[in-house]
Amino acid sequence: MESVGNIILYFIVAIAIIVFSVLTVTTRKILRSATYLLFVLFATAIIYFQMDYQFLGAVQIAVYAGGILVLFVFAIMLTQQPGKSAEALTSQRRCLGLVAALCGVALCGYGLFSYAGFAGKLLSSGVDINMEKIGQFLLSTDKYGYLLPFEAISVLLLACIIGGVVIARRR
Amino acid sequence: MPLNLAIVVVALPLFMFLFLGLVGVKMGRKITGVIGVLAMLVDTILAYGVALTYFFGSGEGQIVDGVRQAVVVANPAWLSFTDTLVVRMGVLVDPIAAMMLVVITTVSLMVHLYSLGYMSDHDGNAEKGFQRYYAFLALFTFSMLGLVVATNVFQIFVFFEMVGLSSYLLIGFYYSTPAANHANKKAFIVTRLADLFFLLGVMILSYYTKTFDFDQLVFGPTMSGSLETAQSAISTAGGATFLGCSVMAWALTFIFIGGAGKSAMYPLHIWLPDAMEGPTPVSALIHAATMVVAGVFLVARLFPLYVLVQGAMNIILVVGAFTAFYAAAIACTQSDIKRALAFSTISQIAFMMTSLAVSSNENSLIEIHEGYGLGYMASMFHLFTHAMFKALLFLCAGAIIHAVHSNENDKMHGLHKFMPITSICFLIGCLAIAGIPPFAGFFSKDEILVAAYHRGLGWGLWMSMVACMTAFYMFRIYYLIFFWKKHEVHDEHHAPKDQPWTMTLPLIILAAISCVAGFVPFHDLVTWDGHALHTSIDWTVAGSSIGVALVGICLATVMYRKENPLPERMANAMRGLWTASYKRFYMDELYQFITHKVIFQTICVPIAWFDRHIIDGFFNLLADATNSLSFGIRRLQSGSIQAYVYVYLLGALLLAAITMVCVLL
Amino acid sequence: MELFNNILIYFVIVPLLTLGGLALCSNRGIKAIRTVAVVGACALMVLAVWLVSIFLQARGAGDTSEMILRSDVMWYAPFNVHLALGVDGVSVVMILLSAFIVFAGVFASWKMNPLPKQFFMWFFLLSTGVFGFFISIDLFTMFMFYEVALIPMYLLIGVWGSGNKNYSAMKLTLMLMGGSAFLMLGLIGIYFHSAPEGQPLTMNILDIAHNDAIPHSWQYVLFPLTFVGFGVLGAMFPFHTWSPDGHASAPTAVSMLHAGVLMKLGGYGCFRIAIYLMPFAANELAWIFLLLTGFSIVYGALSACVQTDLKYINAYSSVSHCGMVLFAILMFNTTAMTGAVLQMLSHGLMTALFFALIGMIYGRTHTRDIRDMGGMMHIMPYLGVGYVIAGLASLGLPFLSGFAAEMTIFFGSFQHTDTFHRVLTIMATTSIVVTAVYILRVVAKLLFGEVQDEHHRTLTDASWEERLSTATLILAVAAIGCFPNFFINIISSSFDPVVKALQAALPL
Amino acid sequence: MDLTLFMYLIPSLIMFGCGVYGFITRKNMIAIMISLELMLNSVDINFVVFNRYLFPGQMDGMFFSLFAIAIAAAETALALAIIINVFRIAKKVDINEITKLKF
């Protein structure tokens, strides 16, 4: 039995995610869209905290909400005239999108309902994931060690930095 | 003189062709002509030597049991089809070959000499292409000689093609003029069509007899002297049938068609009048004296086979008799003297063909009667004499044309005063062809008529009628050229006159031969089985034939000696007939219609269209279908990332759904 | 190495060396390029003549083996692919023909522009393929060389061609590739039935023929596949339509080589692979192809009558003449098959001559439409005479090559005891008249008559290299025409094994 | 009432659906990128909750999310750089109108 606070928090988060997700993709003003995305990301971060993954939640806020979204905002500022909204979608386009999305949701939803075996599983408590442990895992070469992906990601990020510089450079 | 020289006789002109064609073009014009004439002179002397040796010599193996044998001088294999079917390029001397050697070389020499003058302008400068002309003459002479000395039927075919070629080249000598250009094409194609049948005939014949060689086909039967063994070489062929008819009938009829093409028998005669577009000496050599008798020679060569197949003989008889009359009828109205002579040639060759055909009838196989073989001899005799006087006539015509620069007889008239030598020579030629004794034509034509009367009264009367027409149209031409009215001379300097000696000398020689050739003892020398034939002039027939000739001549004299309105009135009275005859009974138009309208427009053009549009269209359609398919597929590759995602997503969902369904069920 | 003691391998090595030599030349050094090309061509010619003399000596010395100069080197063991060499009389004369045409082709493309170096390189690559094909007796190497010969054609036409060259090059290559797709299927099928149960499979033609292990049911499938596959290259109706367009666009030397040699690969393959290896199906199915080829003989000739482009006329005449080759091969007797090879020789030389002359005339007048030309005999007598000789050879005049070939075919075919075959032969024979019609039509229009275009009066006659090129071919044409027995003696014994196999396969 | 695994998956699923919808329908490239982020995010949530609920003793899901976030950051940075560059050249960011590289 969860604490009531947790349950209330969950519902707030869930509703926020659902509502803002929908708003993100339906609003015609791109800046608003980015803003709604920010709310979604925050809500996601809260889920991570609820799962006791504090580090991940922090990363989510720092990188996603803090970094990526700022990039988005910059990009929007550079490419869009402020206040201008995108033209309305044609109904055909919307229908196609809706069909695809709803099909997907329906199929996955059906899948979830039918494989109900794990769906009712409860949160086990007492998991302690501290920074030390994460650092150990990240730089370990044992089983469950993540040194190789870690290094790969760092190289990727480096490449990405260089790429970003090269691409964005004014010629 | 050894008979082996016959090889040289044949080979020398070939050498001259190569020499004049390759080296001669680098030399002066006149000098090549002189070299050509000298070489031909040597060739003629050799040919005479060979002929005399053959006829009067008594070398080893020449006479067996009183029969003069055919002598094969050389016979190397040239093209081996199978072990038995081997084409040989040989040299064979027998009576008709020896006779033909004489005829060909004589006329050829005359023409070589004559051309020195004819192919030059009035100042004696040789024309452009003089070397080419002499090279072609040599090529023709070679081909014709090769033809007559052939040891097998395939060799004859080979040289049939070769004489066709030489004729093509010489007719088209003035190749820039459209008329010559059309005429040589026509000549080649028509004779080629005939040669196709010849080829088919040879194919059929050789398939059943397994041989090309005259040795087995022809001489076996004749020399053995018995018609029982005659069939041995071809006994296998005797009973066989091909497509429902007897093989031999097919083969021999086809071979005759081949000969008919070269010899301009109706309806394959249409090329010959047009062939007169060539230089006149060429007409004299090829289209009057030698090549056109190749068909007659062919039938004569295979005579022992034809004897066995009455059906083929009857076809020859009908075609020959009809052509003789048909051509004579046309010759009566032509205004172009060369064309008139050409039709006269056709008519005379038809005489020879008819004569060959009347040599036998159904009974002849069983019992050899008096006239049997007479027709053969007469035909060869007529071939010989005709070559001489027809060459004479053509060369005279050439001299006249050279003098007045026109072929049309209304540009001539009254030339007797200006060209007396030519006039007399032409008259001799006319008398010879009309059959007035003692000129050559009388003797040969008389024999033909005798043979025809032997065959049947109807045939004899028919041929007599044609003989009468012959006399009429020849004298018509003669009078229209040399008399009729006074010649109008516009320019004293260019008044017609007798031509230089190079041209008159051949005329005189040929005229002399035409006078005496009739006394050659042909019945002793040239007979189908080698036995001498004992004939004497049958004065009832001879008298009647002289009679009809005189009638023809008188008629012509009345109508054309002096200018008078009679011919005009006659022509008007029979307007339709006259026009039809003048237009050569519209045979040319018929051919034109068949070739252009029927074959060209309704066969070739649709076939070409079919090929371009249906066959090629099908492959293009394949290509287009592939193309449009790939364009269709390319539309899927739209480049729109969203479309890709959409399709990808649907695909993924589909897969997921399938998996789920499978798992659940 | 033992392989290099065999003269045959040099027919592949010499063109490749020439190719290498050309690659070393600078693109500007036209003299060096020509020298290398001429040296290569001459070397091939010498080799070919030498090969003929070796062959004659071997046969004269009583060597009656089916193939002489055999060599065999394992190449790829898993599929038993060998580099197996060997020649019989047919291959020898085909090699001689190819050498002649390569020689003449080099001189005919003397002034090739642009990129002469690259042109000659592709040209020699093509000839490598051709020679390789004729010396191989292994299915795989044969097919490989076959493809080597086909592919350069695309570039040679596409780059150096004229007119609608992209279309033509594409069409030609695609249709021939389509043919080789059939062929490859056929060859694979043959390979998998090449030996009786339990014995190792083989690619060697002679072994396959001796094993005679292809089941009859399979022969029914494989024979049409291989025959059509080669037939496409041999311009068999209805797969001939690449020929008019392809030839019309191809540069002179390529037309020469293509019509002269490549189309012969078709006929050669038909009898060496399709008929020799599958005699049963050949006996059973021949009538279909006889009808097709017999039809195409007349059909091609009639089509040629109304064409106005010189190269189209020639292409259709090739359809007719090559139809005769396949027609004769299908008659299954030594005489007709010998005639077929003679016809291949004759057609190769004569068509090469035609295309060379057409190229030379086109190079001067810049038109190939006979309606725009006339009286060329006045302007360029040498080329005119050459054209007349080529035409006469084509219409089958005695003492030129066409006559001996066609007569051998007709008489050979007529020896067939079956009425059906003989009637077909008679129909095919009629083509000699039609051929005369279209040849004379062209000659009269192009060479004789009035000069149509006053600008043509300033044109020049052939230059020395053009004279050399054409004179070589004319001499060869005349040589075959005058001494056919020489060639027949080389060729005819080669057909004994084929005919024997066919007779053995006849249903009793 | 308990917070089951199922309850976390629902919002994630809807988020993913929105992402799909947005990706397919939007024309603005930046909006497409935003939709993409939505999808990524929903996947991250799934990883995390599955890990937490089913295998609480391990941390693979969490690390996966961690790396996914890093990669998402890199990818977004590059993509936006490209978009800005394209905008500089073409003066538009509508995906339908930028077809110069199509053929």
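Order of writing sets the chain letters: A, B, C and D. Residues in each chain are counted from 1.
Just so we're on the same page, a residue touches a chain if its C-beta (ideal position, glycine included) is under 8 Å from a C-beta of that chain, and two chains touch if they have at least 3 such contacts.
Since this is a predicted model, take the numbers as computed values, not measurements.
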item	value
Of all other chains, the one whose Cα centre sits farthest from chain C	A
A-D against B-C, pair bridged by the larger set of C-beta contacts	A-D
Central chain of the complex, centres being mean CA coordinates	C
Distance from chain C to chain A - Cα centre to Cα centre, in angstrom	72
Centre-of-Cα separation between chain D and chain A, whole angstrom	6
Chain centre separation (chain C, chain D; CA means) in Å	65
Between chain B and chain C, centroid-to-centroid distance (C-alpha), Å	37
Junction residues of chain A - those touching two or more other chains	96, 100, 104
Chain B: positions in contact with at least two other chains	646, 649
Set of chain D residues in contact with two or more other chains	20, 24-25
Interchain contacts (touch definition) - all pairs	A-B, A-D, B-C, B-D
Residue ranges of chain A touching chain B (in the complex, touch as defined)	96, 100, 103-104, 107, 110-111, 114
Footprint of chain C on chain B - complex, ascending	77-82, 85, 87, 154, 158-159, 161-162, 165, 168, 172, 175-176, 178, 180-182, 184-185, 188-189, 192-193, 195-196, 199-200, 203-204, 206-207, 242-243, 600, 603-605, 607-608, 611, 615-616, 618-619, 623
Residues of chain C that touch chain B when the two form their complex	171, 174-175, 237-238, 240-241, 299, 302-303, 305-307, 316, 334-335, 375, 377-378, 392, 395-399, 403-404, 407-408, 410-412, 414-415, 419, 422-423, 425-426, 429-430, 432-433, 436-437, 440-441, 444, 447-450, 484-485, 488
Chain A residues touching chain D - in the complex, by the definition given at the top	1-2, 6-7, 10, 13-14, 17-18, 21-22, 24-25, 30, 33-34, 37, 40-41, 44, 47-48, 51-53, 56, 59-60, 63-64, 67-68, 71-72, 74-76, 78-80, 86, 89, 93-94, 96-98, 100-102, 104-105, 108-109, 112, 116, 118-124, 127, 129, 133-134, 137-138, 144, 146, 149, 153, 156-157, 160, 163-164, 167-168, 170
Contact footprint of chain D on chain B as seen in their complex	639-642, 645-646, 649
